[in-house]
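Take a look at the structures listed below.
The following pair of complexes shares a single chain, chain A, combined with chain B in the former and chain C in the latter.
Moving on, here comes the complex of A and B:
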């Protein structure tokens, strides 16, 4: 194995410095821009996460909703806030801000068109406000899946559209920056740390076409009264075209950190640059044509297409298996350099006292269980046992709410101090935050999985369920206990973030740098085909046409716009 | 400083390769074998042992579906000894009918549709689990081999009364079923 220790030449040797940074200092303007993303993201996470425990307490028999009127009218208004703010807003704003950082830091150049990115960001903010108004006034309690003919206010759909379009525009900014860098650095492999999130941005452009078409051709005109009816089954197919790659859109920035940053934080290196790239390209290809695995028990979709998507869903598990190997090998490399020994004894030599590291390691541990549960969901007929049961939110609280969210929290433990030029307030509190999230989520998620296996449906205030047998009670209580621990954890997180932001004490040595791991093997030895968009985009398009084309043609040409929905607002 | 690849070393083109570690190669082969094994299992169970999901069945107009047979008169119909058809309407916020009574060992073909919002139907402790979507009929066949009460519960959000939307399949010992009622 060739290890190139020192670079030979460089695009700009004057920028080289001796610390572990890439040598590109973020400008004040860039720091402010990334910070604006983080403010929106963390504010959304805070409000959204305060709703979650209310649902969990309801399960255990403590219904606090009556005390929240007139701010929150119902369980479902709270659940809509929880889903939209945590799953859509926190993630999208964090990811676009994080991608801004990885793009300029890795490519060592400013954004090609900073105004374009700023326009995209502010469009997302306008969209967020437009969406928030109907949710907060209880005229869009349709949950984050907004299945028609549940009809939200038109502003809900219009706002979501603006958020998506804004994220597209920020994506164009990233693509153009990478293109500009490539012109300046012909023959040089683009750094993984920048390429990974930009591949994610490309996948997002493809994936969001589903909801974009759904909203613009059906839901928005319907909510404005221009058309009277919807085709709910077609809307489901559109939604899940976006809905599953959405989870990879959340996950890939966490993977970027696990592959390209965390190894640096533990004193190691990226074990394999080429495998990291291969995993990301595979996600670009197979993330999207898997949506029917959310529709395994839908009427209106033939078994054959469901089965084909089951196969493709298994194949999207493969890059995650690569990730498990490469990330663990990268961590082990670092731990052994720090004196770690033994088959698993090296794990103790990881810097567990660093809250950013601990948060991401704990997130990755729970992700293993989330992945295994996810295989159950993907397993065609096995899904019959757990489809739309409490198992499903149990599952995605291990994935999006832990693997992704706890990793993002861990990232903010260096990112926010870095862009503010301060040190993290109370790393010990941050460490407690990471562990309480881990423990709370184990209790919550395990109870939800068990409830699902016993037949408890999702999206139901189970504390009121007349059908709930006594054997559910212990598990319902565990949901509440997990929720209470998570409430403590989220309050600790907000406390650490706010105190970091307002602190005046600065010890320059304690201001974290951006951790960027180098690869054991020089990236220039990675084959060119692992650094080119074209072959992978063509493959992605072909697979989409094959795996989705015929069924889309069938459902669109046989569209049945005949569902007006009820003549009353079903959540009031 | 960290070289993350933005510098160009003197690279011998023959060195360009994936650089896959032998352990990693082994892990990848194991992963593929595992996934192929899982796929074989669900395929055999699904296409040869009858653990199958519902597919594309009948389409209806949700605005008028309840105006004519069989949906105007939902309930259980006896086809022959041990064979039944159930027509179940899922609507905000109740299943019609709320109870289905069949003798143990009966094979029941369950058809469900919704005139208003999306709903779901899962019969506890069985493999009956379908989405109920306006405009579509979800059809699934199941044989009830155990005596007991099996709640069917709505599992898709449909508004305030979602949690109150459920019914029961009552599987009774052979000879005790009220065939007259079932035959209506």
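Moving on, here comes the complex of A and C:
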């Protein structure tokens, strides 16, 4: 195999500028644009996170919902706000803003069509407002897993459509920018820091086809009264076509930081540029055709297809292990350069006092347990033990609420000061924030996992459950305690962010830089097939057709429009 | 590996860096994975077998 194709600079590939410490200074307009994303993201996280403890306190017998009427009218309205704002809005706005930064910084050039990206962003904002109105008026308490038979106001579906379309448009802006860069830099490997998030944007375009079809052909016409009923089975299949890769849409920006930024922050280098790219391409291929593992108990999906998707879900384990190996090896490399010794003693030499580093390391530690729980979810037989139980939210609070959210928080500890020309306010408070999130989540998540194993259902106000056996009580209390600690943590985070934002600007030398790690091996030595979209996109399309095609044909041609009629809003 | 041995590692800044600590941590992770997965499997079995 030819390792290097068209090496720029003749026979010495290392003559090409290395893709780190790019020297590209963000313009004020770019900083403002990224900052706008962060404002919406952090505002969504703040409001959404205030809803979370309401549920956890309710579990422990402290029901605060009556005191919040008429603003919050039910447990399910609060739960919908929590899920939509934290899992969809905080993540999507952060990711598009972060990808803007990694694209222009890594490629050392402005966006090819900045107006296109700005149009996409403002479309997302309009969509967010359109979605928020029915949620706040209790007309869309359908949770963030919004499949029928629960029915929301049409504005909920229309708003979400605008958010998704806006994110697509921002994605087009990233693709066109990469294409323009490649024209200017023929034969040069795309910087990983830019390529990784753009692969994620490509995966998002594929993954969101499921909810797009579901909303446009079923949910929106249904909510507008144009059709009387829907097919919940088909709608769930559409939803989970999007719903599982959604997890990787959240995770890959965190992985980008773990692979391409964290090594620099700990004084090391990326252990393998090739492995990083391979993992991202594998995620592009295997993260979408796995949705039926969310439908193991759906009677309308044949067992064979569930089994195929179970196997494909296991295949996600490989890029995950590549990630675990490469990221930890990069950290070990940095720690040993700092004087670390011993089999595990080097861990002490990581810069644990840096809140940005500590937040991401703690996020990664808990994510390892999230991965173990994920394999349990994906196992066809074991899933029967935990399906639709409290185990599931316990699991995804380790993934989206910790691996993703705590990592994103850690990233903002350098990103927000960087784009605002300031220093982080009180790194000590930020460090306490990271640790309180870690501790609070251990207590909360462990209790939820155990409750799931004891049979406690998810999506239920367990504090009111007359059927709750005594053995649940201690764990329900632990959920409340964990939620309280997490509330303190998120308040500390908002405090640090606000105080940073309103602090005075500092000299440029004191402003945190964008940490971009170089790799041990020169990126130009990475095989060219790890830098090309075409083979991976073809493979992704083929696998999708094989894994989903026959079932879509079967479910669409045998559509069963039997969901309840136009007024099915059981939360009221 | 002892501390003394680990300090004899090749200079970190080369392509021959061997991430032995990483391998150890991943081995622990795989062991934890098997243990926790098996514990849920035992719960499944203890609830009775259906055919």
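In the analysis below, the second predicted complex is superposed on the first by the 543 of 572 C-alpha atoms of A that agree within 3 Å, B and C clash if a C-alpha of one lies under 4 Å from a C-alpha of the other, contacts with A are read in each partner's own complex, and residues count from 1 in each chain.
To be clear about the criterion, a contact is a pair of C-beta atoms (placed from the backbone, for glycine too) under 8 Å apart; a residue touches a chain by one contact, two chains touch by 3 or more.
Bear in mind the structure is a predicted one, so any value in this text is a computation, not a measurement.
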TODO: Scan A:401 for contacts with chain B and chain C and give back first, second, both or neither.
DONE: neither
Open item on the list: With both complexes overlaid on chain A, does A:206 touch chain B (first), chain C (second), both or neither?
Closed with: neither
Open item on the list: Once chain A of both complexes is superposed, is A:286 in touch with chain B (first), chain C (second), both, or neither?
Closed with: neither
- [ ] Identify the partner contact of A:341: answer first if only chain B is touched, second if only chain C is, both if each is, neither if none is.
- [x] second
TODO: Identify the partner contact of A:523: answer first if only chain B is touched, second if only chain C is, both if each is, neither if none is.
DONE: first
Open item on the list: Taking the superposition on A as described, I'd like to know which of chain B and chain C A:570 touches: first, second, both or neither.
Closed with: first
- [ ] Between chain B and chain C, point out the one touching more chain A residues.
- [x] B
Task: Which of chain B and chain C A:128 touches, first, second, both or neither - done: neither
- [ ] Classify the contacts of A:381 with the two partner chains as first (chain B alone), second (chain C alone), both, or neither.
- [x] both
- [ ] Tell me which partner A:311 touches in the superposition: chain B (first), chain C (second), both or neither.
- [x] first
- [ ] Please identify the positions on chain A that touch both chain B and chain C, taking each partner from its own complex.
- [x] 271, 321, 325, 329, 375, 379, 381-382, 384-385, 521
TODO: Flag every residue of chain A that touches chain C in the complex, lowest number first.
DONE: 268, 271, 321, 324-325, 328-329, 332-333, 336-337, 341-347, 368-369, 371-373, 375-376, 379, 381-382, 384-386, 453, 520-521
Task: Touching residues (chain side chain B, partner chain A) in the complex - done: 1-11, 15-21, 23-24, 27-28, 31-32, 35, 38-39, 42-43, 45-46, 51-57, 59, 61-63, 92, 116-118, 120, 122, 124-125, 127-139, 151, 153-160, 162-164, 166
Task: Residues of chain C defined as touching chain A within the complex - done: 1-3, 6-7, 9, 12-15, 17, 19-22, 24-26, 29, 32-33, 36-37, 40-41, 43-44, 47
Task: Touching residues on chain A, where the partner in the complex is chain B - done: 1-2, 4, 6-11, 16-23, 74, 76, 106-108, 143, 147, 149-150, 185, 187-193, 231-233, 236, 264, 271-275, 278, 295-303, 306-307, 310-311, 314-315, 317-318, 321-322, 325-326, 329, 375, 379-385, 387-389, 454-455, 457-462, 464-467, 516-519, 521-528, 530, 560, 562-566, 570-572
